[in-house]
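Written below as structure tokens is the structure these notes are about.
As written, the chains take the letters A, B, C, D, E, F, G and H, and residue 1 is the first residue of each chain.
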Amino acid sequence: MADGFTDLGFARVDTDRRRRCGFPEVIFGLGKTPEQVAAIARVILKKDPVLLVSRASEAQHEAVLTAFPEAKWHSSARCVTVERPALPKLSGTIAVVCAGTSDLPVAEEAAVTLELFGNHVNRVVDVGVAGIHRLLAVRDQLEAANVVIVIAGMEGALPSAVAGLISKPVIAVPTSIGYGVSFQGVAALLGMLNSCGSGVTVVNIDNGFGAAYAAAQINRLLQPSAP
Amino acid sequence: MADGFTDLGFARVDTDRRRRCGFPEVIFGLGKTPEQVAAIARVILKKDPVLLVSRASEAQHEAVLTAFPEAKWHSSARCVTVERPALPKLSGTIAVVCAGTSDLPVAEEAAVTLELFGNHVNRVVDVGVAGIHRLLAVRDQLEAANVVIVIAGMEGALPSAVAGLISKPVIAVPTSIGYGVSFQGVAALLGMLNSCGSGVTVVNIDNGFGAAYAAAQINRLLQPSAP
Amino acid sequence: MADGFTDLGFARVDTDRRRRCGFPEVIFGLGKTPEQVAAIARVILKKDPVLLVSRASEAQHEAVLTAFPEAKWHSSARCVTVERPALPKLSGTIAVVCAGTSDLPVAEEAAVTLELFGNHVNRVVDVGVAGIHRLLAVRDQLEAANVVIVIAGMEGALPSAVAGLISKPVIAVPTSIGYGVSFQGVAALLGMLNSCGSGVTVVNIDNGFGAAYAAAQINRLLQPSAP
Amino acid sequence: MADGFTDLGFARVDTDRRRRCGFPEVIFGLGKTPEQVAAIARVILKKDPVLLVSRASEAQHEAVLTAFPEAKWHSSARCVTVERPALPKLSGTIAVVCAGTSDLPVAEEAAVTLELFGNHVNRVVDVGVAGIHRLLAVRDQLEAANVVIVIAGMEGALPSAVAGLISKPVIAVPTSIGYGVSFQGVAALLGMLNSCGSGVTVVNIDNGFGAAYAAAQINRLLQPSAP
Amino acid sequence: MADGFTDLGFARVDTDRRRRCGFPEVIFGLGKTPEQVAAIARVILKKDPVLLVSRASEAQHEAVLTAFPEAKWHSSARCVTVERPALPKLSGTIAVVCAGTSDLPVAEEAAVTLELFGNHVNRVVDVGVAGIHRLLAVRDQLEAANVVIVIAGMEGALPSAVAGLISKPVIAVPTSIGYGVSFQGVAALLGMLNSCGSGVTVVNIDNGFGAAYAAAQINRLLQPSAP
Amino acid sequence: MADGFTDLGFARVDTDRRRRCGFPEVIFGLGKTPEQVAAIARVILKKDPVLLVSRASEAQHEAVLTAFPEAKWHSSARCVTVERPALPKLSGTIAVVCAGTSDLPVAEEAAVTLELFGNHVNRVVDVGVAGIHRLLAVRDQLEAANVVIVIAGMEGALPSAVAGLISKPVIAVPTSIGYGVSFQGVAALLGMLNSCGSGVTVVNIDNGFGAAYAAAQINRLLQPSAP
Amino acid sequence: MADGFTDLGFARVDTDRRRRCGFPEVIFGLGKTPEQVAAIARVILKKDPVLLVSRASEAQHEAVLTAFPEAKWHSSARCVTVERPALPKLSGTIAVVCAGTSDLPVAEEAAVTLELFGNHVNRVVDVGVAGIHRLLAVRDQLEAANVVIVIAGMEGALPSAVAGLISKPVIAVPTSIGYGVSFQGVAALLGMLNSCGSGVTVVNIDNGFGAAYAAAQINRLLQPSAP
Amino acid sequence: MADGFTDLGFARVDTDRRRRCGFPEVIFGLGKTPEQVAAIARVILKKDPVLLVSRASEAQHEAVLTAFPEAKWHSSARCVTVERPALPKLSGTIAVVCAGTSDLPVAEEAAVTLELFGNHVNRVVDVGVAGIHRLLAVRDQLEAANVVIVIAGMEGALPSAVAGLISKPVIAVPTSIGYGVSFQGVAALLGMLNSCGSGVTVVNIDNGFGAAYAAAQINRLLQPSAP
């Protein structure tokens, strides 16, 4: 660990990450065996109090559970979390907004990540532009947040509308919800990258984790104790 | 002409079109020489009172002008029209709405086509979703129209918002306005095809003519004298 | 419901939709749990007499059935409908035309939607351009309709041929039927958007519902009682 | 030349080609200097009576003209040909059909190639599917040909319609005519590759030469003197 | 049947096809129920002696078998054929060449189609360009055929090499064999459309049937009794 | 202006924007005539002290200059700015980092935007990953900023490396620098959206303005006077 | 075998390959039946001491096992190998580096191939650019190798960083690890082809075998006994 | 320069590159002003004897010429080189092979790069697969080289054929030569990445420099004095 990482043979766990980047290393579950995930988890939790496995499987959860009985499975978000103990709660709120009911799993991935990192989350669901009065009704809630994560599939129009209503940073997450030329989220992604709403930034399709991480970075800067 | 067309060697002009389809043949200017356009114009105007050349060049306009001094050049819409005389005006209005100032040339192509075919046009400009109050302010104007053509580039979100506000048919036209991953209008097109606003139908990028033609077909059905 | 929607936590049901847009809210089944669908259905049917769930699963049908024993499952169209009672029948006919037998499920989605909204439907099947005499034989049936929905996969050529034969609005629906470079309907979609037949408008791949909704909007305008 | 080619340093001219493939080597003009084209032309015409430079520029024509005063410039087809003397005429006809006037340059490239190789050509222009009666009127002409080359841009629907009317081989050429999602001919290409008309084969966009070459191969097989 | 087709409700069977196009109607199995296939088969076999169902399933075969005990299942080619009796054999041979062993199913679809239509087939397997001596060893066999169908996946280079060796028409079929950026056959298709071998024509990915149909059309022209 | 906008016929200028979103309306120059830009500028500067025209032309600058002699032309950034007077300077710094010298114009667009909105900018140029020691040498400068904008073309790898070194929000801007399969910036965009560096958010290709706007939103939140 | 191949009907096994290319023929398992693989294996092992089946299935392994009991199954690499006996070991080392744990299967395919061909392999795992200190820590190991194979998914940035640190040839392998706009490895591939690190060459997505083959060719050249 | 780079404000010139990577820093001309190129050249030539500017313009050449009168302009390759003095010549040869005359500019970029780095180059032009005897005639020349760079546009089939004939490493360069679905070199690139010829590695479209750099790395390893 002298070099800032632990070499497990199949993984070099970045044990220096929290010092450099502010948050502990996170495990990207996709393509890893349950045993690999559990072994990496052990290295991380030796140094850090909390753990997140994103894009996890239930088998990975079970492997982690063996070592850490407090490991929690978030089925909709497909995440495993361990808190021993939880990080202290930060002030301020992050709004996690989604256009439709079908976007909920991505919203949950964002919310689980945010909460693990100590943030308060305000979930706002099903305010897509096809019934714009639903969005206008929550405008003040969104403006009250420090950062707003906007999640939408299909044409991905919601971030443009939100960005035009409020002054807070908007991070857009396209989802793979749709069919035909939604191209598993590509149409929504393009819509968001071309947003006429100034200042919208975008992450990969279904990447609720990435949006949450970016929002958490901003929110941490806003804490009285920020570096 | 016995067969319903006139063979000019380089073109078989469809002289039977108005009987079958309700509107006279229209010349698609792209890739035709000025002489070819003028010759086809002569055949059409022998049978029909009005002529439209879409995607026209000024040279094509000049060639038509030689034969028909009343030929008009619409520079923003890149159209040539001839009315000898104009068709009778129809009742009702078509709204031509565009998201931004840069979409105006496509809106003009639609408006020129609609007016040549006898329709009243209500132009509504620059009501994109980034300032949604501008759209809400014209909601009643749009509901008052028989058909609403909605034109937008970039993320193409406007048709979804419009379709959610009114009960009239919405025909969406993506424009090539944008840069980067707007892909010359493809992003807007995908946004419109994936619209969460029910009943939005779509035409090709920058195809103001096609949207106008479809709207004119609907408006004609609404006339007391409709077939 | 004061705000024009009912907030179920996982959905904000748009209870104001029929007033604004003329038709009651429709449930897009994809990505929703059966319980979510049933709960939304209860909110909608409290205000509106009819319900449509598109892109539905049998499990969603069963969940709706528990609350509404009259809920019908349309297996080919993958739709759930409830009529308590049916809407009054409108005058005029919508033709639903498809190029091949394999396009029938999309045609059924369109027909089910149209019928739920009170329209008479004339189904015309398997008149693709490879045997053009089959299309010419039904030309008069198509001209007799108020709107013609044309459904085709593979190269999507049928709408161009239809639009050149009749004077009524043509709404084209590409289907995912094909293989290789049909790209699950993209080739058909491109064919339709590039149609040399004037006035063809297009909806997303396999979106029989969207085409039907647009056709229903037009047909409603044609009713003596239209707003 | 002992090895079946002549090495000019910048080109290895295939002097054995006519023996193997039946037709003399053809020069693809794109990306070659006028001097390179002229030098290659000299090698070819030492062995073969006729020469074709496709995708040629006027400068290339002038360079060839210096050495071969009979060199002809086909401006619409962008071809240079030399006949010293012409090849003997073959029996039978090849039909070169195009959907619209704007497709003529590609049709000319095909016709120039066919005629240089000794074929009779029947040019049939502007019979696109938007006015299907124009195509039906020439059905017998097409059936009378040995091979039918069908050229179309936009949605590329014409080959399907032709293939359904006649029994002769149909070779389809997509053109780059169109705009928006025609994608410079890709939409037409996809339409043709997905053709519901059995037996349609396809060449690259704007490749009139390639279609003509394939048709000439077939027609040569049909000659009494065929190998 | 007076109109040249039989309307089964779910299909309009083109009973006039052999008269117009020379070959009986073929059933495209994809997306049809076994019952639909069997019913269409009955209509076709009432007028024509042979039947082909391409892209068929075993269930479709069983449904046809009930009505026609002589129905044969070609498992590798995924085709059903019925011969009652077989068509007369034509003179001449069609070569069906494939680049690798993995391309065999597509080659079989081509061969089954050709043989049903009365052609002699010469199968030549595994002569890809990575071992060019294997191709050179069969050069004379290929030149001896009337038409050569060349089938290849991955980079699709074989048709170019074949076209440079012989004088007969080459019809290229890309296959979906490959991985990564083979994009299920798109790379091979592009390779073939861009072939530097003159006169190569191309059909859709995995479309052995289409290539065979085109080859059969050419071979029929070469028969002494050709129209 | 009672409705929050001023209708100029060709534009509805959003005069309410600063109240809602914190920054005055910005003019997107692309596709607007110089006269339109100047007229919109007049409306904006009536209410707000500063003006930005992005994607501007020199002709647009000259038109603005006529009305506002203090209008400045930023040739590399293609921006027009007017400050009457400048906004007060904010505390903290935004780092604008670019991978190569060729990315400078996009960096300038970002810097001009940031400075107009009152931010201190630290420009860090040419620290691409091919010479990683150059990046490590500036690590402390980047950590010292409140937000880091990272601009890169070609493979777009720099944001991943930066995000792994620091704890501050990273906003990535792909540029169109490159050739071949850079696809005018698409490769860089994909690289950034797939970044293994957690929390990287992304804007459209060459969208220095958008990244700057988002960074300015964050920096404003960090001011003692933030809302 | 006189012609340099053995014709099995379904395969022409290239028995001349080792003489021409230095390595024995390898079997590409995809799309071949177990029986075909076993039969080809018998032909190869008659002439060559070692055998590799890449992209193999367990059923193919079992078929080979029947004939060759020493056949080994590499489950992660999906390869079958036979050594009777092993080839002599070469001097020098090939480094096989991968960005993340999830890239291990592709790394194993490369390592198995290299070892079968007699090379020493140094596996270096999980040194992605998000924690660049992990890469710097192994810099000397990489420089000590004769060739470095770099394997990465997601944004594929690792080869650029490696190429900037060492003087040895870098062969990059994109993997299909990722989601959303990783497009199954296309983003990584584009990143590698656009690498700002000079001299990086690239193979197909997940093509560990191809990279290993190229590395083995280079390493063989470096042997004292090289041709 | 203590940090291994020289900061010019607009560029951080990597003065440590030769030590790490074996070759001096190279200037990528695209998007740089002549002044920037000249200034960077001065820094590089202070430490290294030779300079290469790739993707250069004549204006950049002139700017370099002012400072270094020996600067040479390679017009076809679009490169500037300076040798003061030339590097010592290495033993062995690199073959630079191209499929057609039109690929020569890319071949020249490769050759200029190789020669500047001290390599002997054997240029072999116009041996595309459409006349395979031309390739077979040079087989021994290619086997005699240490590395073979194969350059081709259109379908990019040549590397597969070359790789199947020789035992030396093959580096493939797709070129943008072609039209239609060559997609400016994408088809050739895909062909090469899917090559059935084992061990072919690939660089970006038109990247003669990159292929040369990789070949030079390999050739340097083969020198008696290699590290």
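The rule we apply is simple: contacts are C-beta pairs under 8 Å (C-beta built on N, C-alpha and C of every residue); 3 or more make two chains touch, one makes a residue touch a chain.
Keep in mind the model is a prediction, meaning the values are calculated, not measured.
Taken together, subunit C and subunit F share the touching chains A, B. Of all chains in the assembly, those touching subunit F and also subunit H are G. Each chain's centre was taken as the mean of its CA atoms, and the one lying most distant from subunit G is B. Comparing each option in G-H, F-H or A-F with D-H by residue number, the pair that reproduces over half of the contacts is F-H. Separating the centre of subunit C from that of subunit D, both taken as means of CA atoms, is a distance of 44 Å. Centre-to-centre, using mean CA coordinates, subunit C is 36 Å away from subunit E. Shared contact sites, meaning residues of subunit A that touch two or more other chains, fall at 100, 130-131, 163-165, 178, 180-182, 186, 189, 193-194, 198, 204. Under the contact rule stated at the top, the pairs of chains that touch are A-B, A-C, A-F, A-G, B-C, B-D, B-F, C-D, C-E, D-E, D-H, E-G, E-H, F-G, F-H, G-H. Of all the residues in subunit G, the ones that touch subunit A in their complex are 100-104, 125-127, 130-131, 133-134, 137, 177-182.
Contact residues of subunit G toward subunit F in the complex are 99-100, 128-132, 136, 154-157, 160-161, 163-165, 178, 180-183, 186-188, 190-198.
Here subunit D touches subunit E in the complex through residues 20-23, 26, 146, 163-169, 171, 189, 193-194, 198-204, 209-211, 213-214, 216-218, 220-222, 227, going by the rule given at the top. Touching subunit G in their complex are the following residues of subunit A: 3-5, 9-12, 14, 16-17, 28, 30-32, 36, 40, 55, 174, 176, 184-186, 189, 204-207.
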